[in-house]
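Just so it is clear, A, B and C label the chains in written order, and each chain counts residues from 1 on its own.
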């Protein structure tokens, strides 16, 4: 059928004329306009916050917000100082980095075993892990809270003496909740690795650790990078556990510290804008720089690789 | 290289079900230890941090306990907590209603809109990188932060919305509007997420399918519904489940606004209010938590069975 | 947002330094305070960084260190407390926790490893801890304390008749107003409910909102309930109701809600979206005539002329046979843990904290509270504080505020949403009170 051959002609050859024609079609123009306007509207709240973060409160309270003018950088300075951002960012760092590393490591371990070796329980295991990722956290609050209160930790690990109100407590809870998703994604990815390599390695006498560290992990770098991007974002943004399992205000990571700042910021919305932008900045930077990894991570998890 | 000798299953740790790639392997001493550790440690962590508390929540829902004092101060009272939740707790039905509204809203608006955007962006547009970035951006922001950013628009005295519309509505404070205001903000994030998932799925659709439909004279719209959509079934299921889970887990944004009171009650905030702070209604809170768990598990099971079925393909 | 406890909270919640509109330069003031506060917080943080020691109990001695758990986390009161403790002559190690967190965490704190002495409030919870055996008996100290009226002693007594609490500061709840505005318009503080209604109507005619009102956080409106209940049904009924001994669907309680409904038209509208600071500012801006709140309302008034302009009067009488002898004045103070490591030192510290000298030092931080002891130095008090001293000193009975007088789970999960429901729908009092009563029954039976 001639139309079939038309259909199978390589895209490149067909596209020059088609693309030129498509660019001109009115439907296409409407499409562009619509998508552009929608995209700009989508960005608007963040852009609005950005704009106002540079405006002086005195000016906006006088002229209202539907105005332009009164630009200053003071808000950022004030927000940083009053919100004690240095300490809270440090807290976020202390919690996020180990949590991400630990999550990826443990998830890779499980994924390795599940992908390479077939046990009866493989599916059950994966199910356990994935479901853990999806359960509503509030439903688990009470027993975890109580348990955290009881479990003692040596003082060098937690200055509260317990798992409650300690960085380790928060790290562990994040690892437990996030490793499911990562294990699932990584197991899919690892299954796709050519098993001949492993056979060869086994024949050469490589034990499990070697197979894992020398062969599997390096090969999984793209998936790991993608997951790391996602995990950094999610753990950084994590709000609930940080709010309930951390008691000292000085130990809150940055996202939960927002809650405590309401009182100080609630009159001056420009200050609030500046604070919000500062807090959003790390994930925004990660997102802009590593957008491809970010998208890859989410799609790996949802599509079949 | 593919036909390496396989050792009889007798000595193998792995049983010998025939899997696609014939993984009958022998696992010796130290390797076995490593493998066990590699599975055991993460599993114990997840069991201990997620599943044991889940079971404990269910168990505690049958008790009355103030949380002060040891385990010996627990009184077991059967299903009384549940009776109280359903008949003696005014915020409960509003919370259920709000969760349901949340679910329906997320489905009808952001999810469908996200799918729509994905379909649009799938058309090889020129600035697609910019568009994708614009729509993805809210996805990386924490929902709590989103609550704050939208406050700049919603505030009664200083918000842009009131400034432009010349109204005096307290969008976050008036229980007639605040749920919808919050839903718009949450939907803003959710749509981007769905769009991302769907776009990836669309890119995976075999182009020949679409060409064939075009050849058969189907309009774009019809092609989408009759050809693409059915093929996207796994993605559709994931989108549905993600939407349900997100609506059940909604918490952050509502908590930062007013701790889930006055029109913003959600089951998650009810659980937290009953437990965090001085009010220690442990048993009662656990009953609420168990209700959340049951609802979630229904959907999680659907999700898992779909995905796992795919595993076995 | 909780009730503020100190002036520095007020400072922290100020309109930003860039606002010169109010004619007061806060920039330098704020920066200076923050700077000083930062220096002090750092040093006390370091002191507190040692964490709880896990050692067991022992008799201890006065020369050994006494640990002190403090919820005064804002810069200025922190310094005031530090000064106060330094002047005690004892070696005190302070562990400061953010005050909201301290309160929420009190269960964990007391069952974990609490400090020998810690800050807390009078009220139900204090008695609850005493009854649970989590607080130390302070009756022997009380025999040596002077300057506290019977009302304060009563507030410090547990259910078993022993004292477990040493008061430090207090402040009254009353109807606050701006003298200059009332003089200008010729208003007089009403003595009865009818006079209040007449005055409110007059204020409305004059274009003011009679009574400012805000209940976004849920607790401020509890103050209104308490005042009405105290006036309509008396102190004893109120206490019994809080203790769960009286029914919420009784005619007495319904009367309170009905009376409140009658007054609602004179309250500021849309209270559920407003925080108390905003309502206080409407009082400051002379847009509202009066505001029923605690004395901390003064924290929203700039120091100087505006704060001087603030005055208050007792909630008017409703039932002549009950009068206005009962007031609401939450008391902040200290308790001792059940098994202190350094009991002798702790008791000596508490004895000192119960003196007027200690109070005077603490009071330097906050002009919106007064010392609990009648021996406190009132010379440096503002006019408002002096009036508060008289007000509290002459009260027949003192209530603590709903969420301190009753079980916290009841206050938090039942009363808070219940009152908000009432404010949204004041007509269904029967349904509301029935629901409150049945919920109360399910909570109090344990």
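Simple rule for what comes next: a contact is a pair of C-beta atoms (placed from the backbone, for glycine too) under 8 Å apart; a residue touches a chain by one contact, two chains touch by 3 or more.
Since the structure is predicted, the reported quantities are computational estimates derived from the model, not experimental observations.
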item	value
Pair joined by the larger number of C-beta contacts - A-B, A-C	A-B
Most distant chain from chain A by Cα centroid	C
CA centroid of chain B to CA centroid of chain C, Å	41
Euclidean distance of C-alpha centroids - chain A vs chain B, Å	14
Where chain A and chain C are represented by their mean Cα positions, the distance between them in whole Å	42
Interface hub residues of chain A, defined as touching at least two other chains	61, 262
Residues of chain B touching at least two other chains	67, 276
Numbers and ranges of chain C residues touching at least 2 other chains	111
Contact footprint of chain A on chain B as seen in their complex	1-2, 4, 13-15, 17, 19, 21, 23, 25, 27, 30-31, 34-35, 37-39, 41-43, 45-54, 56-57, 60, 67, 117, 120-121, 123, 125-127, 130-138, 140-145, 148-153, 155, 158-160, 163-164, 188, 192-193, 196-197, 200-201, 204, 208, 211-212, 214-215, 234-235, 238, 241, 245, 248-249, 251-252, 255-256, 267-269, 271-272, 275-276, 282, 285-286, 289-290, 292-293, 296-297, 300, 303-304, 307-308, 310-311
Parts of chain A lying in touch with chain C, wherever the complex brings them together	56-58, 61-62, 72, 74, 78, 81-82, 149, 155, 159-162, 164, 247-250, 260, 262-264, 266-268, 271
Sites on chain B touched by chain C in the complex	64, 66-69, 75, 80, 84, 88-91, 156, 170, 172-175, 258, 261-262, 273-274, 276-281, 284
Partner chain B, residues of chain A touching it in the complex	3-4, 6-8, 31-32, 34-36, 38-40, 42-43, 45-46, 48-49, 52, 60-61, 64-66, 106-107, 109-110, 112-114, 116-120, 123, 125-132, 134-147, 172-173, 175-177, 179-180, 183, 195-196, 199-200, 202-203, 207-209, 212, 233, 236-240, 243-244, 255-256, 258-259, 262, 269, 272-273, 275-276, 279-280, 283-284, 286-288, 291, 294-295, 298-299, 302-304
Partner chain B, residues of chain C touching it in the complex	103-104, 106-107, 111, 125, 132, 216, 218, 270, 272-274, 408-413, 416-418, 420-421, 424, 435, 438-439, 442-443, 446
